[in-house]
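What follows is a set of structures for review.
Here come two complexes built around chain A, the first alongside chain B, the second alongside chain C.
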Partner chain A sequence: MNEAMKEGRYIYSVVSSAVESELGDVGIGESRVYLVPCGEIAAVVHSCVAEPYVTKDEEKAKEWVLEHSYVIDLATDRFGTLIPFSFGVIFIGDDDSVRFWLEENYDLLKEELEKVRGRSEYTVQIFCDEDLIKEKIVTSDPELLKLRDEIEKMPKGTAYIYQKKLGLKVKEELIKETNRLAGEFGVYIEELVDEVKIEKKVSWIPDKYKGMMMIAAFLCLVSDGNVDALGNLLDGIDKREGFSVRFSGPWAPFSFVQLKGT
Partner chain B sequence: MKMKPERDYGLVDILDRLLNKGVILNADLIITVAGVPLIGLSLKAALASIETMLDYGMLEAWDRETRNWYKNQLMERRPRLAEDEVILYKTFGYIWYNQGLISSWRPGFWYVTNERIFLWRREPDEDLFETYLERIASVKTGTEIEFGKDREELNLEVEGRVARIRSSDVPAFEDAIRKALFNPRHQREPELGSWG
Partner chain C sequence: MDEKNLKQGLLGLVVALVEVIQDLVERQAIRRIEGGSLDEDEIERLGKALIDLDEAIEKIKEDNDLEDVVNSVMGSLDDVAEDLLNKFLNPESWAEEVDEK
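Here is the complex of A and B:
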């Protein structure tokens, strides 16, 4: 290591452990991953140069991110629910810098670890068949039903305009209805979880849900003991005609740990 | 019947969490990728193009309510502060309460902020004493003999009355008050409890 290259520590997570130990050469680029303990908590790190991980090779980047994810899974198995770090956070300095940071933020980190202990993050996405709900909206509203019947008898040009009008009205009702449903499901879910957040942007859904309308996406922090109950509830929603639920997890609590003021 | 959570994560699911979620620190001693076009850039761009946005209406209102509920839950465990009010010192302690037939030391958490000094009781949630810094005429330490031993206490003179305060570290408490008094912020009407 020449003088210009400062020493650094890449951090994967903070776990509940009071002793020094190693996870093996499982880190990014097969680096040796080990624990830097402080009191009853420890940072999971690997030693590196204090330079950000940069690459133009997308495959390489994906590999790094998956390696990071793997260390988080491994550490979770070994030490229980942890505080997961985002990809690419590097401390400038050696183990002492990490220890110093742990010491400085000890109470906060302990509190967050306590909050997530025995809990995991789950994703709940609720999909519905748009056409089916639309049909229900029209058939349950006498005025819309009447309008639809009338459109059928209209001359083409007029029918087109009214069809547009009907379509807009139904779309408006659809949003109202799906929001109502999502809110209702949310209230049920809230009862069974420690914390719930709405996921505003959903990055990916499996193929089998494509073509369906996503009416809600929740991120939930769930106690291990409540996962079955949540599964029961979601099964009930999934069985409703025209509805489908995606329930995935457990994840490390990526969406529920905040370290403000660090 | 119950639904089992699937572990059918797509690669994008994992990338999303590791690049967009998880803890990022804002401190001088770390390098982060936050906002910096490091490895994540092309991956993040790929993610953005396939995001599914949701239609919001009532769901948003529900979300707001839920968030507020959590916020209130958290607030209940902490004293209420004004906007821009900063806690400078906090310690467990007492105030001498004397009203009619009742006189006793009442426990709670003492807070010195950049605006006030107050004693807050968690359960039930109440400020047992409160004064704005500019109302304080003097701060003195005194001793009271209790069970044959000297016990240090802090005497705060406010509007002609003296509040008697105890805490585990009286000198540190006094020091914190003096520091706060050095730079009081606003002029306000005090609301004094029935102390002294």
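Here is the complex of A and C:
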């Protein structure tokens, strides 16, 4: 093998398993996916050339990412909650290199696997009808209500400026109110989950929720036994007038495993 | 990107910046009124001028199909401002980010 064709191992995840086994030709580009065990843990890999998966073809890229996710789902079904890797991580070397890495980081990986055992990641996004909350803010504040009534009687130009003023005040209150609500919901959710994080960048939301204001986005690590209770709590929020909740999962715990230091 | 896209993107950026300025001017007008330095006529004239500005911007957006471009520029500006504010308010996260790099 020349310099440009170094051997590599594409890694999908680390699972709890002490024995060698195979998942079949289910990997990216129908690669044969198998386990490289070390003690009580194992890496799920396929053999490849140590070069990054790069393409300009968007469809191809999507296909690869889906195949990557499929292997993670399959391994989760078979071995329980695992440490997932993002798309595109390749070890330079052979099975021994992977095994060496597992050995080096054994305690950390074992600890992380223990932490996520019997748990999954869920995303919770809470949306509200902005206009409805704004209306509530105005009608519950005598000063704002008075200003709104006065604006109706003002001449056009003056009304425009005061309308802006009202809008700014309402917006300020809207931010306070949605922050308060997000905090309140966060406290309820926290009681039912093992760990919660704020999802900073929500990359995609379904059309159904477009036009609504997102007031909170949480990533939650939830024990299997608590999923129904969390679902019920969120149902309750979803049923409140003007609110809508998107609850999705179970996902592999991408947001809750720590691979820093490996 | 073809020439039409480039023009639309550039015009969208300009209009978005004008909207930012419009917002500042409107806030300043409110402050002046609250400060009591304008009489009723002046307020009305100022308000009408702001309406004209608003209508002109809306027309440019409509004529050039810029609504989406401007929204996307505004969204990006919001993200930049949000990031910056977070870093001012929470310097520890900044330090962590630097450490990670």
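Heads up, the rule we're going with is that the second predicted complex is superposed on the first by the 258 of 262 C-alpha atoms of A that agree within 3 Å, B and C clash if a C-alpha of one lies under 4 Å from a C-alpha of the other, contacts with A are read in each partner's own complex, and residues count from 1 in each chain.
Everything below uses one rule, namely that a residue touches a chain if its C-beta (ideal position, glycine included) is under 8 Å from a C-beta of that chain, and two chains touch if they have at least 3 such contacts.
Just so it is clear, the structure is predicted and the values come from calculations on it, not from any experiment.
Aligning the two structures on chain A places chain B and chain C side by side, free of any clash.
Contacts of A:K176 after superposition on the shared chain: chain B is touched, whereas chain C is not. In the superposition on chain A, A:P155 makes contact with chain C only, while chain B stays out of contact range. Once the two structures are superposed, chain B and chain C can be ranked by residues of chain A touched, with B on top. With chain A used as the common frame, chain B approaches chain C to a shortest CA-CA distance of 6 Å. Residue ranges on chain C touching chain A, taken from their complex, read 26-27, 29-30, 33, 40, 43-51, 54. Chain B meets chain A in the complex at residues 1-27, 29-34, 36, 38-40, 42-43, 47, 50-59, 61-63, 66, 70. On the side of chain A, the complex with chain B involves touching residues 8, 50-56, 58, 61-62, 64-66, 68-69, 83-93, 97, 100-101, 122, 175-176, 178-180, 182-183, 186-187, 190, 195-196, 198, 200-206, 214-217, 227-228, 231-232, 234-235, 238, 245-252, 254-255, 257-259, 262. Across the complex, chain C is touched by residues 155-161, 164-165, 168 of chain A.
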